[in-house]
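What follows is a group of structures, each given as structure tokens.
In the two assemblies presented below, chain A is common to both, partnered first by chain B and then by chain C.
So, the complex of A and B:
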């Protein structure tokens, strides 16, 4: 898969906000072979080497700063610019949330921010509530991928938006990356089997008993799901094949 | 509509009667709910719920890790002025207490800021007493301009302001607001605040709403525990937080459960709030508002704070000092006695040892 001119082979993207120690981040990245890591600019502290979360992301990874904390397009744009100025590269995950109860994204503001930042040469991956019309507008606005949520952030509820995400996969010509809500590797596999281009996981890995092992488990599940998608699963049927077909008498 | 009217709905509510009727089954039902109603929250604050504390703790811990991760945000207060026109019976800085009054000059603010910034902290909370003449908004703003050079997130805990004034400070770079109602019971409030502008209960109660409308990113509220029956005060604090979160979903709402500490004037808190009570309050709040922040100050002793890391708390002060200019002049008298005098580095080490990560920076001005 190619995003923003970069070849991506590992389809598990990793979020970094909830680890019990920054030191676990490079370990999880290595164990899972992760290539794309997102980090909230609000947590990046270039002045404090030892506690700077960005310093724990391996050099060979693509760092994708996110605009966590932005309440509207304007703030998201400013955060993205600050991130680029701070040396975090030109990828950005747009996250515009003005609802602290469910952490659901504001699609309208997200489209606006995408348009501005794509125009400024950013590789823009917007986080959104799955909606076909919004996704189409994100394509027009210049997004590099579209990242619908599977369920609210941190909820570990799985692929609750399945039908809507499936429509995006069918209709949108960009990579569809399921971001947020996936609680188990099996749910990540499910998204990949459906044809998602990748998944982004933080809570389920960072808060697991053994985050490094869980990162590996997710990576395997993502690879398995992708392989299954490519292999084209056999049709699934609701009933066993009747041995005496109802239409067997039609022999002409 | 403001929270003032919302609170009035409970004016004739029989809290004692409610607590008496709570059964174990009620408590278990409240624990296992996905979304708690205000009365579920009250059920978890009841004396009956005390026997279920461990079960509540397990769920509170799970919810906190799920929503916030294994991280604790660190911050510290900076007292810039202690001139005060109020006479809160319980406060070390009240107008009638005799102590050296002081207001930091810009150079002194800078000196304190430098000392604090050297510890790595990026979140600071600026405090003043209530004196519009000695610490006007223009002075607060002047301090903010200096603090901005050293910190990426600035909160204020000052006297209640007008919405326009909050907006002015937001534009100057303030992103956090903190104000304790002290007491939600209006009559007790009147008794404890015999003179000064703070007598205006409603103006203070509605200050968080003005702050939300003015664009503050984080709003922290609380009742000072020990001044009145803690279960109902905890209930109203939670109700207030829930009200603000629904009315202003873009703002991060958090609470503090500060307990009375000995202060210069020697005020004896009328109500004793034990460690167990405090823990029950924090846990019940976590179940009621799974995404609500909980801030614990250095009023609490080190050993208790160590345990609280895993019990729903999301933010802790470190290297605190409650005196004006107390970091460059350690002999200065503070607003109240600090129980946990650990440095930022010591706090960070403790948090790491609990399997949590201390976070120094969680916002920057944009």
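So, the complex of A and C:
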């Protein structure tokens, strides 16, 4: 698939938050063959020395800064511009959140930010609550992909928004990337089987007992789900249909 | 002299440039982003900006995130 002029062959995008050690990030990236990773932008803490996250992201990866911390479109635009000026490319994940309990995105502000940043030449991937009309407006606003949530961020609850995501996949001519909430590889596979273009996973990998192995497991599930989607699953029916011939039995 | 560094009132010597501030704080210029009075300042211009009373300086960096 192509996004923002880049050929993306690995459909697992990885978030870099919550790893117990930054050293696990490049290992997870390599184990899963990940091409797109997200980072955030924050104030430097003057009291404590901090590690440079970019040093842990392999150079051939696309580093996609998110606008986390933004509470409205204007703040998201500011963060995106700063991130681009810092020389980390022109991809941005729009994340506008003012709800602190469920961390649900503000779709209205997200549309506004998408429009401004797409107009400035950014490759904009907006994180959104799945809603068909909002997704259509994001297309008009110039988004490069649409990223509906599967469940609240960091909840590992799975593809709770299944029906709405399915409608987006059906109706929206852009890649639909399920972002947030996927807790297990089987859930990522399910999203891919439905026709999602990719999934973005962070917490489920970073907080696993063995994050590197889990990154690999997600990568395999995503590839399997994609292959199944392309293969076209057979129909499901109410009653049994014998798989072996119903003639030539030995009993008579 | 007082400036607002990452939102906090901070005392700095008169005549300090952005480069000087970065050096004083022992920050690696390669890994940070500097915003001066809400304008992004590229590294090559840090030397030319002398901080003034009540200036607002934000020093940012990329961190882990989803």
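Just so it is clear, the second predicted complex is superposed on the first by the 232 of 252 C-alpha atoms of A that agree within 3 Å, B and C clash if a C-alpha of one lies under 4 Å from a C-alpha of the other, contacts with A are read in each partner's own complex, and residues count from 1 in each chain.
Quick note on the criterion: a residue touches a chain if its C-beta (ideal position, glycine included) is under 8 Å from a C-beta of that chain, and two chains touch if they have at least 3 such contacts.
A quick note: this is a predicted structure, and the numbers were derived from the prediction, not measured.
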Kindly classify A:136 by the partners it touches after superposition: chain B alone (first), chain C alone (second), both, or neither? neither
Touching partner for A:54 - first (chain B), second (chain C), both, neither: second
Touching partner for A:38 - first (chain B), second (chain C), both, neither: second
Which superposed partner A:65 touches (first chain B, second chain C, both, neither): second
Counting only touches as set out at the top, which of chain B and chain C does A:17 meet: first, second, both, neither? both
One more residue to check, A:156. First (chain B), second (chain C), both or neither? first
Which superposed partner A:82 touches (first chain B, second chain C, both, neither): both
Counting only touches as set out at the top, which of chain B and chain C does A:207 meet: first, second, both, neither? first
Jot down the residues of chain A that show up as touching in both complexes, chain B in one and chain C in the other. 17-19, 22, 41-44, 82, 154, 203
Mind listing the chain C positions that touch chain A in their complex? 5-7, 25, 27-28, 30-33, 35, 40, 42, 58-66
For the chain A and chain B complex, residues of the former touching the latter: 17-22, 41-45, 48, 51, 69-71, 75, 78-79, 82, 98-101, 103, 154-156, 203, 206-207
Which stretch or stretches of chain B touch chain A in the complex? 65-71, 120, 122, 152, 217, 245-246, 249-253, 291, 352, 355-364, 366
What residues of chain A sit close enough to touch chain C in their complex? 15-19, 22, 25, 38-44, 46, 50, 52-54, 63, 65-66, 68, 81-83, 85-86, 88, 153-154, 180, 200, 202-203
